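Two complexes follow with subunit A in common, the first pairing it with subunit B and the second with subunit C.
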Partner chain A sequence: MKWTTRLNAAVLIALALICGCSNNPYRSGETEEQTYFSSFSRAPEKLDPARSYWMHESAIIDQVYEAAFEYHFLNRPYEIVPLTTESIPKPIYYDKKGKLLKRKDPAPEKIGRVEYVIKVKPGIMYHDHPCFAKDKQGEPIYANVTLADIKGYDLPNDFECKGTRELEARDYVLQIKRLADPSISCPIYSTIKNYMIGFEELHDTYAKMFEDERAKRKKAAGASYNQEKDEQENPFIVDYLGPEFEGAQVLDKYTYKISLNAKYPQILYWMCMHFFVPMPIEALEFHCQAAMIEKHIVLNRCPVGTGPYVLTRFKPNEVMELRRNPNYHDDFYPSEGNPGDREAGYLDDAGKRLPMIERQVYRMERESMSRWRKFLLGYYDSSGVASDVFDSAINMQMGSEAMLSDEMKDKGIKLLTSVSPDLTYTQFNMLDDVVGGYSEEQCKLRQAMSIAIDHNEYLDIFMNSRGVLGQGPIPPGLFGYRDGKEGTNPYISKWDPVRERHVRKSIEYAEQLMVEAGYPNGRKPDGTPLTVHYDHSSSGDPGFRAQFKWMHRRLQLIGIELKERGTDLTRYRQKRQKGNWQIMRNGWVADYPDPENFLFLFYGPNSRVKTGGPNSTNYDREEYNVLFKEMESMQNGPERQAAIDKMMKIVQHDAPSIWDLHPVSFQLFHSWYKNNKPHNMSSNLVKYQRIDPELRRQMQLKWNKAILLPVYLLIALGLLAIVPAAITIYRRDRGL
Partner chain B sequence: MKETITAIWNNWYFQDFLVLSLAGTLTFVGLKLAKRDFWQIAFRQIFQRWSVRICFTILTLYTTVAVLDSIGYHPYLRDKDGDIELHPETKQPVVDSKGVSVLDIVLRPLKNNAENTFSAPLSDQEFAKMTFTTEEGEVVRDYKPLDHPGKHLLGTDRIGDDVLYLCLKGIRTGMVIGALTTLLVIPFALFFGIVAGYFGGWVDDVVQYIYTTLSSIPPILLIVSFMVLFENPGLPQLVFIMGITSWTGLCRVLRGETMKLREAEYVQACEAMGVSRAMIMIRHIVPNVMHLVLITVVLGFSGRVLAEVVLSYIGISVGAETVSWGSMITGALPELSRDPAIWWQIVATFLFMLGLILPANLFGDALRDALDPRLRTR
Partner chain C sequence: MLTYIIRRVLYAIPILLGVNLIIFGLYFGLNSPDDMAETILGEKRVTQEQIDDWKRQHNYHLPKMYNTEERGLGFFTQTIFWQKSMRLFIFDFGKSDTAEGKSIGDEIRSRIPNSLAMTIPIFLASLFVNLFFSMIVAFYRGTYLDNSMRFICVFMMSISGMFYIIGAQTVAAQMLKLVPISGFDAGLYKIKFLILPILVGLLRSFGGAVRYYRTVFLEEINKDYVRTARAKGLGENKVLFKHALKNAMIPILTNVVVGIPFLIMGSLMLERFFSIPGLGGYMIDAIGKQDFAVVRSMAFLGSVLYVVALIFVDISYTLVDPRVRLK
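For the complex of A and B:
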């Protein structure tokens, strides 16, 4: 009797557990709020807006910090609109002698100085942050804290006392000065220094201040000085306010001025990025205390800004959480958009106060499959389409748009595709004796290789045809890109009217080019096959081997033998720095929607080897450089288009790299997730979006009905297995 | 330095020489041993078992494939029509520095059957839908028919290579890693083990110190740091480093056995008669530890083949130009989570590895039963 009662109890408990359980990964009730659920696959490392240059990091940074301007949410082509400012500033031109130029659009060579005066809106407040907390005397509460004072705190949001302050023009200027700080090594420093007056000098001044301070400390401490340890314990902030800086100046509390040495309209695009956000001096002082650094409460982990969201949980390998900033300034959903936006429902929320989503939760998902399943069950609100599941999710019909499979459609999932303003390109080292050079023969060799490596096949094999074959450096959607037949690269492509896409010229033509290049049949003059090296740092990448073998096979069609040269990332970078390589493959993501951002990848003075710039092919062609300088400062228009067309012809002929492709991004959204027009420039989109939690809850319940039968069967089997044991025990008890 | 290593390694005539001398040495040793009663009895005993006979046959098959893939020659370069190309000036034929192995020639039909991308075993169409132009000139999105339908016994991989062909080519890599590493291990282990065991004292201390230190460092760590030294590490480097990290186990066993043999009566007798120590070691101790060497070698062989898979997974592999099972498995893993899954790559590789490792292990066990006297009496 004793045994059976216990057994019954166990079964009852098990049943109770099963019925009470669900597969919901969140706390109960969590999904019923205005909360956005998403995932991330790579841990952000730097959240300091002057340091980070990664997409997955700006996804957080741009929601907490706010630059002066932003891109319009609905309008295409992309349009800059004020965010924390009154208006978009107009450039004020001065000639070389400092005289104001009256003409609206003077010739670039006349200009000696360009100024932008930016007026910040009054009344914008930072989110509540302990660095602004002041005691009765007006002194900061958290100055000179010790480790004991901040025990148990992980993020600034956890601190007991918090305060806020109004946004002022000096905060923007401070951040611009930080970009010149050598200890920060800002990724865009090398670009900005070419334009901003006094930027390079400021950098040198800071570098000198560092050296002096180091020398002083070393002298004071004597021979046993441990620089690393000392700087950890007694960090020194550069006195940003000290040195004079002409490039960015505060005019009054709400106004500041940017001065450039040449006409450079792209500066406004740069100022939409998180490099040009306001940085309160209080935050620097707060985070640069030794105890804070010890506890890793530093700017790289703790953003502070005026943006719509506050980072409230940051476990970069597990979960991140953002909450609405209660101090957020007046910001409303746009009431105008492109034609068709109203029909698509993008204007349903017009005029509503932003942000609408209260909370965002991002969870780490390393495996694409598990992320995908959770999306299908409704536990993530949006998802990309991994190529593993592409066929089961998407129906691609010829001549029509990509469509969702029936299963997805039944769930009300929405698919949005857009060509990303990215360029994937296979670079040739122009300094190399074999694949580089500017003679007609050398250009023909590169053209022949470009034809042989047919990226249409690459797209089919590796990317489910999700991409557009590249014809030149400029991706679709940017000014200067020519679509269709007239955009064809005449040296390597032709237009296929049936499939409406570019195709490579024939291998026979490539063979002919090889003959003209002096490598008939791919043979060098001494009769041996031409061997070229593919330099890479992805030996450990499982997908790399197939890609390499594919390239190898394609080049073999014209008799070229491709060999790999794999190294670790550090040595790979060294090779690039020294120009000691032949072929590499890389990608470039648009910083801003202007063709200059792509054409400067081939501008001679930007050469990686010579100046450390972004031109890693080291391409340097005089005509191109001249045209680039002209095109750079032009307004978009037929004149600029003509200059770009000329430049395109030059790079297409010289072929300093193979224009591989521009990827097409596929994004899936659940029906309860509103206002998600694809936007490839901004990372600050969640504030426009809205969740219908009730619909989400219903769908989640509908899609996650537990199938309990197998569980019962399993229990029944387990019980059956007990029977023989029970019989044995019964017999033994009876002494049988 | 690195270029020369690769150049020598890639020279087929050097490899032919290596393979032939290896085969010669093995035959010589085999014939020598076959004269001895102990080995004759042992081999007769193990070959009585049918399982051993099967294992031996399978191993011979693998070895044959590996040997065929290790001997080759450098033919003259030919153009697309198959005519020999001549040097533009000297009008002499040009030698192909890449060369071909005998196996390459045998498998040429398989290699040339490449498709565009994935296709299931024995299928006549591609695995995923693709946009293409049909023979009628119509553009459709459908499963594209293969160029060689039904010819791929084990399917094709992402870039359309026949998986059977890849698996067969992987045999050599696996065997080279298993066998060559072993060959590197034996001299080290034999020398240090016997010297330490026989002389004892400070010699023993030094050897012990070396191998305990070496074996206390995780081998993966050593291998990783060693491979970083090279610009473009490949198979020879991998074999070398795996060799010098794995001699300690055998060394330890040999040291112990030698310590035991040192006290044996016949060794004592030799010493009493004034035979030199070197002679004693060579004539009396080495032959009497050979069975241990054989057992450890055969059992260790499979471990090394498996180690290559793990190393491939953490990104240390034989280079993208060499086919290896480890890199095939690593490359096939992400395809498993596809929907529907691409299973044939991993299954084929698994079967081929199993086919080598299981017989090697069974054979090794049988050898141990036969050769280790303590187990023989059982």
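For the complex of A and C:
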């Protein structure tokens, strides 16, 4: 080939590359479908609904599996509605002798057993999956497969033969039994075992079976025994159908029964979560085969459900794709909601069949900046607001609501904010001699510290004011929370009617409390300064350093010297277990919208030191404990509110924690993305949402026209630099 | 040469054992199996009993280095070190400690092509560009071009790698809208995602490499044989590319071949910012997730590749310099 031909070819290729330049990360035509584009920053690892307790995994699991119930998409306060069942079951109460109690709401102490009978809707089908594929004789096609049989397959979707079957009550019962399997380490085992009859015994039966089998295998293998490798290659096959289990029983093809040992209405909330979804035995048999394990075609990455979507692509470090389940049962967009929903357009799609979005694509984005830029260019349909871009996206003026910046408004972006049902709290160890204890002086010391550590200032400095100052453990939006002036914690806060928010009492008042606590000017009776220790495991975190300095400065205002005691995670855990600490920081994210889920953090028998429970402060006040037991099983109503009010008064006075804040979540949505009412309890919301692909395509084209002039200039500049150099070399080479 | 290679391979065994021991010691000096279990299972509602179950399933219930409860071989074999780290010597990386439980070997195999898709073009392009420019500046030594280029090189070396990445994403992807900001895709679709990281990789290496190669070439072109070649009337092209380049190969090869393991191990920062699912991010993710199985495997793999690369460097010396003999 002549050099001129080569040059021409190179120029043509370069021109083709330059002319084809685009920053569109999707393939041609991909954005023209009803597809939702989003990103993820953390790869999901456990898609097994019995194992996962992470929100980023729930976002996938809850769209493939379906629990018996779900939360209403529009109604607030949150309301449970049937999903795969005929109705929401009513509890049936029996006394301790097994006699049916006819009262609708009997006293907890009279109850010996509670039953919920749940009727599954007939005709609900699983999505197409090879585990259901059968031959002409009705035998599973993919039983006893070898590696050669499944060569080239990565996900169930790749298999040639697929089948389906109807959802049955036995599938729910099977999954509940899995929650007791010790090899699964179900995160809610410790809670469920307290209520479900026979649950702990079932767990112990499985555990003993494993121990016996392990001992046998170890004896056979001798010194070369490697338990982990052995169990990876020959996993224990648990006979879930075998042992009798009273806690969950199948009554007929479409009916099953849950039996509890006490009144526990929160079980219905748990049953909205993916722990209680149906699990077909065929899926377990399919995925437990040695060849499947070897190829990693396992339940942890291959969900099998009846939900609106099917996981069709799963590369957890690159991309995940869900497609509409063609077998999805009748499910329709709600026709009613809260006042204002119709005006906000949330009822425009009332009565439409769900899901409306055909496909969802989630791409891995490790860096928040890349994610944010793609959102601005229209390549992601929604986004959160990271701290580093907050100022460019949101105008937050003192005393006014958060507003979008002009750039965001010009792009038609919508901002929706909602208070998350979470609590961030600074804990005092109630077992500690200085910051703990229940005497009036000790309570006043904690109240004074609560006033000094003013979280309104914290919100302004560290969180772009994205939070609500805490007045107690219950976050806004949950039953029991009191808003406005009547919700003020009278010991540490006051209501500011001008700015309509809670503010901390003055430092002078805190100093007065210090005097009453026996620490005038922060000095102990012997005249030495009062020193308290902040225990943490965040030494390497630069964000922590700034926060600690702030806290140190705030406590200095009342004369207290705050010192940090940083340790590694192991020591930190040990300190917490043994109660050998003074002040720590913690957080709690709601599992379900019930005040019990927050008030139990201060219930004495849940003490971390005594029972390893979630009460890390080890707070144990008799009156509170009695009220908690009463409140726990009450129906929402004036009686329950009164009990909660009393409990709040007690914890506000005793101040076992500083109720720091409840975070406010900021979500941004492009104009083509519809029906995105904030919902903090559910992860299966995409089925209600809709995309206007034509509008998206137009906006993407408008915002992403390639600018080639600088490239041409750069090429010209390069040529200008290279040509004289080449000429000089040529001349020197030829001795000219 | 065969004897030499065998001897070097045998030397590698204690080195790799030492690396394994250091990784094991460092890891368990900072973490305990309880921490690992809590990180993987999550802290919320998890009981000590479940943490113990997890440790049992993953062999972390065993003593670390020796097991006094076992007799005979079991004294050494029924320990975390033996069961976890010694398997690496037969390249059995095992499975990830996280609940996903994926085979580490499979994961490495699936990620290597992604890393190589980015690092090989960077490697080749930067080798070509950097050698070319360094020869030019060596050729024009002492002129305004040499001085300007030295200034540019020092300037480029002084800029943080992060600046190149963020700057390139801002200018090329966000402002000029020429290439995607980040991402990855299968087959030929991945090309558009690789343009920017390759360009950034090239720019990042330019300053340091040009300065290094310039020094190497300057040393060569001041030697007598170059003067003789010129005196015989050879053109500059031949002097530079045939004579000087060939004789400057030893330091160049050392620099180039030792860099080969890093091609396979990927580029941590580029992979992270451009969302490329290569090996660079695998180890960092594993450290964050307290996945000791992946951490030890990646550290072992890195050590093996480095040892192999050094052997190759030695062998390559014999190819470019007939005076070198391996005994």
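Keep this in mind: the second predicted complex is superposed on the first by the 691 of 736 C-alpha atoms of A that agree within 3 Å, B and C clash if a C-alpha of one lies under 4 Å from a C-alpha of the other, contacts with A are read in each partner's own complex, and residues count from 1 in each chain.
Here, contacts are C-beta pairs under 8 Å (C-beta built on N, C-alpha and C of every residue); 3 or more make two chains touch, one makes a residue touch a chain.
Keep in mind that this is a model prediction, so the values were computed, not measured.
In the superposed model, A:Y225 lies in contact with subunit C only, and not with subunit B. Shared-chain residue A:N521: touches subunit B; no touch with subunit C. A count of residues in subunit A touched by subunit B and by subunit C gives the higher number to C. Contacts of A:K102 after superposition on the shared chain: neither subunit B nor subunit C is touched. Of the two partner chains placed around the shared chain by superposition, subunit B is the only one that A:R565 touches, whereas subunit C remains out of contact.
Residue contacts after overlaying the shared chain place A:K705 against subunit C, while subunit B stays out of touching range.
In the superposition on chain A, A:K151 makes contact with neither subunit B nor subunit C.
Touch criterion met: A:P187 reaches subunit C, while subunit B stays clear of it. Using the contact criterion defined above for the overlaid structures, shared-chain residue A:M369 touches subunit B and also reaches subunit C.
Of the residues of subunit A, those at positions 367, 369, 568 touch subunit B in one of the two structures and subunit C in the other. Only residues 367-369, 388-392, 396-399, 457, 460-462, 464-465, 498-499, 521, 523, 525-529, 539-546, 548-550, 552-553, 561, 563-568, 571 of subunit A touch subunit B when the two sit together in their complex.
By the touch rule above, subunit A contacts subunit C in their complex via residues 21-25, 27, 43, 45-46, 48, 51, 53-54, 182-183, 185, 187-191, 207, 222-229, 231-232, 294, 296, 298, 300-301, 315-319, 363-367, 369-370, 373-374, 376-377, 568-570, 573, 589, 612, 614, 704-708, 710-711, 725, 729, 732-735. On subunit C, the positions that touch subunit A within their shared complex are 30-32, 34-35, 38, 41-42, 44-50, 53-54, 56-59, 70, 72-74, 77-78, 83, 87, 94-95, 98-103, 106, 111, 136, 139, 145, 166, 169, 173-185, 189, 192-193, 235-237, 272-275, 277, 281, 285.
Residues of subunit B that touch subunit A in their complex: 77, 79-80, 85-88, 94, 96-98, 114, 116-117, 128-131, 133, 139-141, 157-161, 228, 231-233, 314-317, 319-321, 327, 330-331, 333-335, 337-340.
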